[in-house]
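Note that chain A is present in both complexes that follow, paired respectively with chain B and with chain C.
Moving on, here comes the complex of A and B:
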């Protein structure tokens, strides 16, 4: 008998967070080269997006294929501030000087010179957009595949907008060559390490927040809305509000992830936030296990790591492998890798499943 | 809003689907605390009537409960006025436990702060409902794993903690064993009195045992109304409906009706 199963869920959760902290804060920095650690920092940003998708999709049934929009809003908000800081007070960012289309800084750039405004905007701007969109969409009972397509269209629209406004957004190139991060030189490996630690800390904090949400009464209600929206309505709740909360929280997380991605990688561009990256976020979550707390994190990191590793060795085949992985998981392991543990345990003990909020068959939902 | 059982008062209720008149000017009064059975052949408009009252389909006319007009309101607003319903097929949250199902049903008025925290102890009304529906022992199993009869009881339990003062039950005993039917009937008898209960049912034995009053619908209209004896002796009813079933159980046509 596994001694871990005898512990209370709360104690196990603390142990899990302790283990996660040791891996992220001690083991990874000790074992990985600076280059690999900075890659891990990037993967952890994707993992933060994945935590939000796990909440919205895994628990709330909102298949959001457009998290890139919120990731991008957070990323651009942060990058705009860092570009302005790099340029120095009163100067325009380098790319604006280069393109030479503008005589002075556009008015909507100006507030991002303020670090507090920019930091708040990385989270609040995505949440605000999600609130506006969600209010319109959920009240009109748009759901399932229609919601997925709509969210994806938004990602496409955002990319087109960014590319079209080259003079003020950097166009296809995005905002590049970011050198400093609140006074720290990002070329210095020590500061890169600090950025990694910030990202790891934020990930752990958001996991704790999400765990609390999932175990709260709201979390139970969210699953109820996912499984039987109509029934929830007959109990006197407005399901639109329940979904809206999950969608807005997921958007805030994606925004924060985008903001942290910028100092970790040094660039934000339309190619990083469009339809393809938005779908890749979801693939990571599906592979890891969308309804579990840690599934999305592990899936996002695993898929991003596999992408780097396999693209290095077999360039050109990654897309096919990723597609195959997604199809296999959806067809044979709808609960993702996170459900393997439960499956093995169940097989060994041959007892009925534990009363845990589980996973529904993915195919059913995509088809709906 | 008064906490006592209210009466249901329907006037000139009419539901039209693409030109097909499903409910055609129904007038219906259910007194506070009544246990009313709603019967009629398939297609008589029974379920559609409940759908209209609970806001699921659009209707014209009037349906008032406890003095409040129900028609034209959103489904969740009608629910908050104290109107609860069940469906022909049990509609539970199958991946949540019995306790979680009841707790959600009890919580429509909770503050955001309460919602964002964990459930501490089992709320009193939930514990009482668990006892009433006989599922205290099974409160931590997933609702999806319950036996058919237990699922229906859980649905009724959810209406109780939801604090519904008008319960609209759509074929609650369909597919149940004889013992389960008896237990359900007794439960409904207990619930009625302080609450108003309307039951759509095909099972004539069950109706004779437990109905206080009966309304017969036929082709979207009220055909007859009264006590069980009055309705049974009504020649119109014998002709269109009970005539075929006198003395037998009508075969239970679960899901056959829309």
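Moving on, here comes the complex of A and C:
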């Protein structure tokens, strides 16, 4: 017997949390070059999105193919503030001057000059949009594939809107050349490290939050809604509200990730938030293990890392590999890599133990 | 007045293209509850089939006519292969099917890039389709759009007749209405599924041929249009065709009208909001099959 399995779940959670903190805060900064560390910062932003998708899709069965929308809302809210701060009080951001279509700052840009408003907006704006769409859609019991298609259509509409309004959103280019982050110069490697530490801290905090949520009564209810929505309804709960919470929380996480992505990478553009990136968020979660807590994080980082490593040298090969990952993992290993350990262990032991709740239902996913 | 008529016809022709794509989806989604994200790549396959045929048959009109059945067969065969290899294993997991077929669509796009190159290619339309028919004072309609409209009407008529009068159609309807009961009545549901997939995917190939008349052929041509086609099916309601037919034209005209009054990008958003609002009223789509299921 593995000695680790004898510990109580709470102790194991603390151990894991501590290990994660050591890796992210001590090992990674010590071992990686500044360039690698800034790449890791980017991957961790994707990992934050993945935590939210893991909650909504893995636990709640809500396949959201439009997380890019929320990532983008958060990213644009942050980038708008940083652009305004770069330009200085009373000036317009450089790209608006460049296009020369506008005489003054559009009214809906103005509030983002206020840092408190902008920071709040990075999280609240995505949550508001998710609340609006979610409450309309879930209340009317639009679900399963229908919901997935609607969420994807939202991503398509958002991108077309952003590209169409070039004068005020930067169009296809997006918002680029972001230089400062609340007074800190982003060209300075020390400040880039600071941004990395903020992202890592946010990821750990959100993981802790998500673990609490998954282990709470609400978490149980969410899994119940995923597996048998009708039964939950007959028990007197309203499944629409249960789903709504998961969807809104996931949207908030994606928004926060987008906001942190902007100082880490220095750009936000429609190409980063459209249909394709939105579904790429999902593949990391699927590879890692959708219903596990850490699966989505590790999967997102691994897939993003593989993409960087492969797509530069062999862009074609990467696309095939990405497609093959979707096919193989989703079709034949729906629990993701996180379920491999359990599968191997079960095969080795003579009498198979009862599978964990989260796993058993994944084998035969609920019909929509 | 002519402006409005012109916009209306633009809407009708947008709707016709949407419908041609959505017909195949309505068939497979309705029967098997399967979202096939690779449907867009079957469209692409149909378009590239037209391109390849035109390399050998230089007469533009003849190659277009030959391309219609060949593209149907090529795309249909790809659909059957996909159904046999993957989709039939995933019938109880519709959301996973969506992701798996997305993976397939990624690979097919890359395959097209490797075979035909990343830049778009063009086919030459027959002369008669590059002209316009003038209707009244200053209203004229491109013949290619009229051709597509005719093609769609033909496809709808043929499909409706096939579903209504042929033995295969009867079986398909039986499986759609109640799969278990159809199975115990001796209908080979697996074989019916495969044939449905052949027809549905084949129609995507035909849509691909039609799209070569409207624009360039490229590896990602299917990705963007497929979402609108899915929305048509969702709003039209699954299990029958008439909902998709009505919704495709209504959405096309709504899109054209709003686009005329505002801009393309605003029109997309307004159409999306209209769809969500419509689903508040009829969450199962315009028409639904009556079933006894709780959903």
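Keep in mind that, in the parts below, the second predicted complex is superposed on the first by the 350 of 368 C-alpha atoms of A that agree within 3 Å, B and C clash if a C-alpha of one lies under 4 Å from a C-alpha of the other, contacts with A are read in each partner's own complex, and residues count from 1 in each chain.
Quick note on the criterion: contacts are C-beta pairs under 8 Å (C-beta built on N, C-alpha and C of every residue); 3 or more make two chains touch, one makes a residue touch a chain.
Being a predicted model, the structure only gives us computed values, none of them experimental.
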Pick one for A:163: touches chain B only (first), chain C only (second), both, or neither.
second
Looking at the overlay, does A:323 come into contact with chain B only (first), chain C only (second), both, or neither?
second
In the overlaid three-chain picture, which partner chain does A:230 touch, first (chain B) or second (chain C), both, or neither?
both
Is A:97 in contact with chain B, with chain C, with both, or with neither (first, second, both, neither)?
neither
For A:185, select first, second, both or neither according to whether it touches chain B, chain C, the two together, or no partner.
neither
For A:34 in the superposed arrangement: first (chain B), second (chain C), both or neither?
neither
Figure out whether A:133 sits in contact with chain B (first) or chain C (second), or with both, or with neither.
second
Specify the partner with more touching residues on chain A, choosing between chain B and chain C.
C
Of all the chain A residues, which ones make contact with chain B and with chain C?
230
Okay, in this complex, where on chain C does chain A touch?
29, 33, 35, 86, 89-90, 92-96, 98-100, 102-107, 109-110, 113-114, 223-224, 227-228, 230-231, 234, 263-266, 268-269, 271-272, 275-276, 279-280, 283, 294-295
Which residues of chain A touch chain C once you look at their complex with the stated criterion?
61, 63, 133, 136-137, 140-142, 144-146, 148-150, 152-154, 156-157, 160-161, 163-165, 230, 275-276, 279, 282-283, 286, 316, 319-320, 322-327, 330-331, 334, 364-365, 367-368
What residues on chain A touch chain B, complex-wise?
212-213, 215-218, 220-221, 223-224, 227-228, 230-238, 352-353, 355, 357-358, 360
In the complex with chain A, residue positions of chain B that touch it
54, 74-76, 79-80, 84-85, 91-97, 100-101, 103-105, 107-110, 114-119, 140-142, 145, 158, 162
